[in-house]
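First chain written, first letter: the chains are A, B and C, and each begins at residue 1.
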Amino acid sequence: MTLLNSRSYWQATRGNRPHVCRGWKLVIFLQLTLNGLAVGCIYGLVALGFVLIYKATELVNFAQGDLLMLGAFVCYMSVVWWGLDYWLGFLIAVVAVGAFGALLDRVVLRQVIGQPQFAVVMLTIGLGAMFRTFASVTWGSEIYTLPTPFGGVWTVGGVTLSHQYLSIVFGTLVLCGVLYAFFNHTRIGVAMQATSQNQLAAYYMGIPVKLIFSLIWAISAGVAAAAGILLAPVTLIDINMGLAVALKAFAAAVLGGFGSIPGALIGGIIIGLIELYAGATLPEGFKDTAPYIVLLLMLIVRPQGLFGSLARKKV
Amino acid sequence: MSFFSADNLSINFGGIKAVDGVSFDVEQGEVFTIIGPNGAGKTTIFNLVSRIYEPSGGKLAFAGRDITNVPPHLIAALGIARTFQNIELFEHATLLQNLLLARHAHKRSDFFSELLFLPYVRRLEMEHREAVEKAIDFLDLQQYRDSLIVNLPYGVRKVTELARALCTDPKLLLLDEPSSGLNVEETEDMAFWIQDIKNLLGITVLMVEHDMSLVSAVSDRVMALNYGRPIATGTPAEVQAHPEVVRAYLGG
Amino acid sequence: MRFPFKTSYNQDIRIFRDKVDAFWYGLLAVAVLVLPLLLDDYSVGEISWVFIYGICGVSLMVLVGYTGLVSLGHAAFLGIGAYAHAYFIMHGAPWIVAVVLAVVITTACGLIVGLPALRMTGIYLAIATLAFSVIIQEVFSRWESVTHGFAGMKVDVPVIFGFAFDDGRSFYFLCLFFLVIVLWLTRNLLRAPTGRAWVAIRDSEIAAQSMGVNLAIYKSMAFAYSAAVMGLAGALFAHKIGYLAPDIFTILLSIQFLLLVIVGGLGSLHGAVFGAIFVALLPPLIAILRDGIPDSMNQLAANTGLRVIGMLGTAIGEFLKKPGVEAGIFGLILVLVILLEPLGMYGRWLKIKLFFSTFPMYKASTFKRQKTYMRSERLR
């Protein structure tokens, strides 16, 4: 294996298996639903990043998961190494990774607009490998725990509501609300929508398209960083945490129909729920494969995804 | 029974009737042109004939055979070839390979003999090459034979498309705006070639065209289309003088 | 510049363009045959990897480079071939029979994956193949009666008609033989109607269809052929690696194959071989540099008295020793190739050749490629 140590990849995909007894009770069902929802929200957020970039620039960014990993590490560094407050660390990480996303667009990805989609996908895979190396050289390849203010649990009718999971769901809701308001009620947000519908027309209308692209990269990277920090207490932080998440999130984005924002979120939640339900009810091994089996079946029935439209070339 | 006929052909795109009950006949050996303002449904008719679109109603018949349900990849083998309005060549292949691909409908070798490149595959390849060379000679493309399509100028690509269509040995040739993007001289050349195709090769031509000088020069009959419906059919002069046609183009 | 004077159509069909071409390829053949006699065991083993990766490269080149279908799951086909081969050998099948069965099984799997792939393009196809490979990998680890799961599966040395390929040199020739066979067969397909149909599908599905290409059949054929070649590579891979475990055949291996065809140069068989040389020989090269750079720089420091050089050398050595650095170097090279040389190593090779053969008349625009900026233009 050259791109990464495969053993740790397996650990990354196999970690966090909930130990649920086999009796199918309502309480367990609710518990699984909450946990699935939380995991699904993370997938949804990362998928959202995929879709935002794809809609605007028609590039597919496979390094999204590694941006997530960078976000988690920057937050860890701020909180543990520098002793800053969790929320300050959160802010620093989102801003830093967001700025890094914009820089990435400015320096690398702008060069490849207009090249075949496949080349760009490979480019971002290469970038992702570089980020992982960077992280392993800078922060080391051990597994780290991020201290968070969400340690407690509430118990409601036998269902354990862990604050970690609640914080993920709540954080996702807040992020989506902010993004929704931004895209619909600010000048720059509407300009972004216009740009992703028709670059040329937007350019003629005086919208600074290049700046918009960089901003969209910044937003996607920032969202990924936030997702990484929210996820950190659940999966712990290591250099390969992004890869497993990104693969599932990518499946989520495709499930929702690549290019649809609500589709990405719903796809993420579907994948998260399937993963947890399958992990609890089906024989071992299905937790990681069930989402893909569902995805394959869905693609066979509906090749354009749930909310996607089948683009067809005009002749 | 005419050579090619469309009977009450219709297609809807989400409630819009792009082609609405169009009927026409093309006789063997003629050049039949469809004209009409932009968005009248001309190219849609071509896509219906080459079976890329599924008609929502009506029938297509060619050489005494109902082709309404023939899958698109078998159309070429029946003897219908087409060109595309916005050029659909295989860009990262040479001109020669583009034309050879057009011989696909006449492929007779199977996968395993091709895998071993048995002598008869080589012989068939040479036969295909000979057919291709005829088209190259006919359209004067010799000097571009080994260039990649991406490196060719627009005018040459347009001719290459015509050559590729001819390489399928068609009986009916569908030309989608053969003069679009060509300058006056190239358009004149195109007119001569279309006449040669009709007179020397005996191929029936169904054409969509905007350039009225080209239409008048080569067409035997013209059909004018507006909003997916035929409004006039006749000789070029008749159709051009038809009051409905004048209204469709000039408004009022 | 050489312009071969063409007098027959056969000249455009045959494998070697002219006698000069044939001479150079003959020279290459002699070099490759003599090489194992001159090198040590370790180097011969590493070059066998080039041949195995070359077969993998041809497999993916047919699918990605010629048919334009992207697969993120080719490691699964390699795994199926490897496990099937090892399983049949373990149960006493003769080597040739085991290889044939492995190839047949991977071909069948390729067809099964190819069928749903008919309706998908681009990113959807990539994710579908990825899903397939994740599922197959899980099968490898769970189907213990056949694959022995994570306990692993030992693969014996190949014994063909009583001759055991038990040392690096004989295995080198075995791999070389199969690479040449695969290259020849693939070249045959590419110069025949099937190969042209694949290229046509890559460049314009709609035009291909109108010219009589049955998209469904030719796409599944590309998948099946690609899988078959991968299955053969898998059989050799199993012997080379000697010990099969499910976590060998991850998506990262699939990505490495894609890296191979891109760095080598999409759309050419030369590219598959160039890419294989790169992918197979970079890790040993890094390993050599890891020790070589600090040593030589320390030597230099001792000779010149500049301690900075020695410290720098030690630092580089330390950096190269860190885990995961190799992956980063691969990533960096991938990024640089896509940014600076989208045609890959073969493209660069052609440019260098053209530069010298047309010297001093070379112009850079010969290889200029058109970029597509409109959304509609990219929907191919």
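As a working rule, contacts are C-beta pairs under 8 Å (C-beta built on N, C-alpha and C of every residue); 3 or more make two chains touch, one makes a residue touch a chain.
All values reported here derive from a predicted model rather than from experimental measurement.
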{"item": "Relative to chain A, chain with the most remote C-alpha centre", "value": "B"}
{"item": "Top chain pair, ranked by how many C-beta pairs fall in contact", "value": "A-C"}
{"item": "Whole-Å gap between the CA centroids of chain B and chain C", "value": "41"}
{"item": "Rounded Å distance between chain A and chain C, as computed from the means of their C-alpha atoms", "value": "31"}
{"item": "Chain centre separation (chain A, chain B; CA means) in Å", "value": "48"}
{"item": "Chain A residues counted as touching two or more neighbouring chains", "value": "314-315"}
{"item": "Touching two or more other chains - residue numbers and ranges from chain B", "value": "52, 84, 88"}
{"item": "For chain C, residues contacting two or more additional chains", "value": "206"}
{"item": "Residues on chain C engaged by chain A in the complex (per definition of touch)", "value": "64, 70, 116, 119-120, 122-124, 126-128, 130-132, 134-135, 138, 141-142, 206, 247-248, 250-253, 255-256, 258-259, 262, 279, 282-283, 319, 322-335, 338-339, 342, 371-373, 375-376, 378-380"}
{"item": "Interface residues, chain A side, partner chain C - complex", "value": "1-7, 9-10, 58, 60, 108, 111-123, 125-130, 132-134, 136-137, 141, 199, 239, 247, 250-251, 254, 258, 284-285, 288-289, 292-293, 295-296, 299-300, 303-305, 311-315"}
{"item": "Chain C-touching residues of chain B, taken from the complex the two chains share", "value": "50, 52, 71-77, 81-82, 84, 88-93, 96-97, 100-105, 107, 109, 111, 114-117, 121-122, 125-126, 129-130, 133, 150, 164, 168"}
{"item": "Chain B contact footprint on chain C (complex, rising order)", "value": "9-10, 12-13, 185, 188-189, 191-194, 196-197, 199-200, 202-204, 206-215, 221, 267, 369-370"}
